[in-house]
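Below are two complexes that have subunit A in common, paired first with subunit B and then with subunit C.
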Partner chain A sequence: MLGAAIKYSYLNAKTRTMHSKRLRPNDWHILEAAKDRDSFLRYLATTSYGPWVTEILEQKEQGDELFERRIFGALFEDYGKILRSLHDASSRELILSLFSRFEAENLKICLRALFTGLRKANVAHFLYPVEKISRLPWDKLWQQKDVRAALKLLEKTPFGPMLKHALPQFEAQGRLFPLEMAIDIACFKRIAAAAQAAGSRRDRARVSQILGSYIDVLNICHIFRLRFVYGLSPEEALNYSYPGGSLDLRTLHDIARAGDPASMAKVLPMPFAAFIHDVKGDMSGLRLKLEEWLVRRLRKAFLGSPFHLGVQVAHLLEKELEIRSLISLYQARIHSPASQAGEIVPRIFLKGGEPIVQAG
Partner chain B sequence: MNVRKVVSSLTAGILMLLPSMALAVENAAASEPGSAKWGFIGAALAVGGSTIGAGIAVGLVGAAAMGAISERPEVAGRALIFLGLAEGIAIYGLIIAIMILGKI
Partner chain C sequence: MFRPVKLFRVTIQVPDKYMSQVLGILGDFKLLHLININETQLGKLGYVAGVRTDLLNRYEKVLERVSRLVRELEISEPVPPLPRAPRPEKDIYEMEERLSGIEEEVSSYLAEGKRAEKELKKKQELISRLSLLEPAGIDFSRLSALRFVYCTFGMLPAENLDRLEESLSDIHHSLVKISEQKDRLVMAAFCLKQDKDVLDRALRSAFFQELEIPPGLSGPVSQVIKEFQEELPGLEEKARAAQEAKEEFRSRFSQTLLLLREQAYVARILLKAQARFGKIDHTYLLTGWLPVHLYERLRDSIMKATDGQAIVDKVDPEDIREVREGIIKIPILFNNPLLIRPFEKLTSLYGTPSYQEVEPTVFLALSFVLLFGMMFGDVGHGLVLFLAGLYIFRRLYRYMDYGIILMECGVSSALFGILYGSVFGLEDIIPALWLHPMKDINRFMMVSAAIGVGMISLGLILNLINIFRRKKYAELLSAGGLVGALLYWLLAGLAIRYVLSGPPAPIEINIAKAVSGLLLLIMIVERPLRALMKRRKARSKGIKPAQQAGLGTMILESVIEALDSVLRFLANTVSFVRVAAFALTHAALFVGVFSIADMVSHGSGSGVPYYLTLVIGNLVIIILEGMVVSIQTIRLEYYEFFSKFFRGGGEPFQPIVARESEESS
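This part shows the complex of A and B:
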């Protein structure tokens, strides 16, 4: 206990202070009431997102395109601070593996650009600002002439083995989908492996709980999207599920085999079933309910013994969800001003709420 | 810093206290053989132990305070209160030592 207190006293206080800077229900209500883009951004500039929003406000012509990616700078700054404060390799690897999800998104955009013959300047507004933390050779990647050359450059990175495995499928199908799925799965395999090896036994137990819940939510939404939006077969959808969740393969199989969104909601196990019983079967409703459940789970990490890596993981995941909700609300303010924040943002952000309401 | 480093620091601290304790016992035994030497040992242990405890507490609270202040400078005043509480542990030991020495 003394060892854990010494290891986490600085980091825990820093993380909790960073967590205290999240948007309050009052901020969400003011943002919801914003009449246009400028008033939305001007209020957001008064919150902890100020430094990033000010930059977007100054570049007015490109502002809308840049907002969705540049606002993630706030999250990446927290990643950087946590990484600088962690000294043991296994804990750093866990945080880096979580960060690699953003590298994966940029990598997919890079491969798509190479595949379609676009240059970096054409897609720059889709890229996350990962440069300060990422170790991937981005400059060299953007200089490659085709996908195969880029894959060769990635051989020795954590994405290399899975990409090599997916290369024959890419060449046979002539589309990027196998490579994109390989990047995602490589990323989640890395997260699962890092969670198994992170820090002490207490760290591993708390981190596995949190990441298990996070990956479960991702898997449910992912299977839903692949089955009912992209029309994939249950087996294919299951094949592309992410490793590391707490739902077993049989449960995921039952979810994937459901005939329609409503019956899929019915086969979900507890505690999801209790939480989403009133969802009508649309993707956004399901995602919102699951995200709300996830945020409540993440806030549980801040209760009880404070000295474990779960606090940092929970903070980073909650901030990511907050930013994604912020982007959804921003888009809604521009494209459909009549929409209510309750249809876009998890209710727990709007109303605060107790950290524990559901078992499991 | 890991547990091994803390344990070795504590051991070093206790070892540093030993000569002064031995000297106190020797002086007490020379002037007043009997129970007084235990009083000196008790006073030395009270001061030494509480100072080591306060050192650990200030280390932990100070690190946490630095973490919080680096994110929110406005909490510096409140952080100082908690540092003072940790530092107070050493004063409790000193008071007990003075009380013991007063009885001898």
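This part shows the complex of A and C:
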């Protein structure tokens, strides 16, 4: 315990300081009431997102994608701070594996650009600013002539083995979808492996619990999207689901087999079933409920013994959700000013709330 | 050798009917630096000749066809020299005909060879695929008899098996593991034919890679493999025959094809060069720089080819007003012997000398080799460098120049190795004819400084020559001119006098003080005086002089500049002591290597690690120290030597063919 206290005291203090800078219900209320884009951004500039928003305000002509990507700079700064405070390789790997989800997004954009013959300049506004932390050879990747050459360059990276498996399907189908799925799966495989290897037994237990819940939420939304947005079959949706969650394959299959969104909500196991029983069956409603549940779970990591990596993972995931909610609200302020924040942002952000204390 | 090749500016006017022959002659002479007509008055008036696109296209096609044959026949010999440049309009017919003849003879064999190789490869791949299924003892006859069952074979990432099983739990299926290949499972997947789509979708999403098995196979898989293997010798024989035919064609046609390609290439360059020519009605006009000694021959050749209907004129650069005023630059064509020529690259790296200044490559080459040898003196290492250079010279044509430099440095190292008595760091094999660097440090440093005095003096002399050539006599009074040189030599003389025979006599010191004071005074006042005279001259002509700094400021600047120059002379000379320092480093590294080798041999108790350490240590010294010494030598050349006289700003000579080839590449 003493060892853990020495190891985590500074890191914890730092993480809690970062966590304390999250938006308060009052901030959300003012942002919800913002008349337009400018007033939204101007208020946001007074919060902990100030440095990134000021930069966006100065470059008005760049469009909304710039906000959506640049605002993640705030999250990546937290990633950087946590990584700098961690000294053992397994803990760093855990945080880096979480970060690799953003690398994966950029990688997909890069491959799409190479596939369609676009240059980096054409898609730069879709890219997350990952350069400070990422170790992937981005410059070289963007210089490649085609997807195959880029995959060759990625052989030795964590994405390499899975991309190699997906390559025959990419060639057979002539579309990027198998590669994109492979990138995501590789990413979550890495996260699961890092969670299994992270720090002490306490670290592993708490981290696995948090990441298990997170991946479950993602998997439910992912299967929903694959089935009812992309029209894939249950077997495909299951095979493309992310590894590392706490839901077993049979449960995921049951979810994938549901014939429509409403019945899908019905087959969800506990604790999800209890939490989302009133969802009507649309994607955003489901996502919002699940995120609400997840944030409560994440906040639970800040209770009890503070000496484990779960605190850092929970902070990073909550901040990520906060940013995604911010983006949703920002888009709503521009495209449908009449919409209510409650339809867009998890209620726990708007009203505040206590974490779920009972085990899920 | 000390000057670039003397050039004339040549102007050629040719009736268009003779243009093809003249192009060929220009290609033969090669050494014409073409002036783009667009840069001249005529070009600005719009009298620019166009490129003959029809002919150019024919050459492009020929080039494409020849290149394809060269590629397919895998010809990699060096390109033979062209006996003469092509006459573009005339030679195209013969080239096309010769090429068609070769194509007719070769194409069918090449196609046959390709087919055979492709079929062989296909069969080999199929055998290797079928071999994966061999452990299961599959019988294709029985599989094809299945009426209600669908079956497929392939490889599945091992980690995806559980998901795949679960995803297929709604249908009757069977996944049979046959073998393992690294992280993948070779599998057979079965289901009812009615569920084929479900199975395929599931397999696809689990990244299952289907093994392509041709339909219609029958019998056990081992028997099928055996049957295919029996077909292999026949296919291999076919492929071998095709390969032999290819080799025969290669030996018969390689020279012809390479010549044709070169001809087409040069013809294309010459045709493209027409875009730089002028044209008025039916007369082409081209102008460029040509070495003086080639002028008569070029004129005679053109006059003969055009039945005396061309006009070929020359103008001495001295007579061109724009050249005198520095508006037009005369290109620099280096003129050095074979052993010096590779060092032209080092000169060009610093800058291209202008036409008027001394061409310094020869000094650079000699001093480079000398300094390198002094710093890297060892017979064994010199030999290794020489052999490495020889290998590059003989095998790597593109880097031939570097091979020559390496060989010369190797010889110099070996000679200094004899003077130092060092063979791979062993100093007891041959006697030192001069000194051991580690034992005679002071003397070695003196010699290094003396070499520095010599090189800086040479730089100052070259600068004086440049001043005279450029007729900028006023610069003689500056710190970089005669006055500065005299001051440097006076101080250097005093130092040498001190080293050789002790402190100078008081009278000598007094004389030196007076002379150096006078020289410093000249250096300080020359610029303000010149400025004053210029201002007075301008006033006398009634011209308002340009705004300049005041007299006091100018004198202050001159004082600082003079002091700076004196200090720089001192620093430049001291900088040469590094020659001794790096020679000592080289010797000290040997001591280090021998010490490590001793330690290793004591530890292991056998002689092999000792010699292994020596070999590795010597290799490290050759590579590491070789690089460091090269960099230091270049540094001395550029900063201490070139900076004394080299102004640069010249334009490199670009022969008509080279210029176009660079553009095309």
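Here are some notes:
Basically, the second predicted complex is superposed on the first by the 356 of 360 C-alpha atoms of A that agree within 3 Å, B and C clash if a C-alpha of one lies under 4 Å from a C-alpha of the other, contacts with A are read in each partner's own complex, and residues count from 1 in each chain.
Just so it is clear, a contact is a pair of C-beta atoms (placed from the backbone, for glycine too) under 8 Å apart; a residue touches a chain by one contact, two chains touch by 3 or more.
Treat the numbers as computed from the prediction; the structure is a model and nothing was measured.
Three-chain overlay on subunit A, with subunit B and subunit C fitting side by side and no clash.
Shared-chain residue A:249: touches subunit C; no touch with subunit B.
Which of subunit B and subunit C touches more residues of subunit A is settled by the count: it is C.
Contact with subunit C, but none with subunit B, is seen for A:166 once the two complexes are overlaid on the shared chain. Using the contact criterion defined above for the overlaid structures, shared-chain residue A:18 touches subunit B, although it does not reach subunit C. Looking at the shared chain after the overlay, A:140 reaches neither subunit B nor subunit C. With both structures placed on the common chain, the touch criterion links A:10 to subunit B but leaves subunit C unconnected. In the superposition on chain A, A:234 makes contact with subunit C only, not with subunit B. When the two structures are aligned on the shared chain, A:266 is found in touch with neither subunit B nor subunit C. When both complexes are overlaid on chain A, the residue A:178 reaches subunit C alone and has no touch with subunit B. Superposing the two structures on chain A brings subunit B to within 34 Å of subunit C, judged by their nearest Cα atoms. Across the complex, subunit C meets subunit A through its residues 157, 159-160, 162-164, 166-170, 183-184, 198, 201-202, 204-207, 209-210.
Touching subunit B in their complex are the following residues of subunit A: 2-3, 5-7, 9-18, 20-21, 85.
Within the complex, the subunit B residues that touch subunit A are 1-3, 6, 56, 59-61, 63-68, 70-72, 75. Partner subunit C is touched in their complex by these residues of subunit A: 161-162, 165-166, 168-169, 172-173, 178, 181-182, 189, 232-236, 238-241, 243, 249-250, 252-253, 257.
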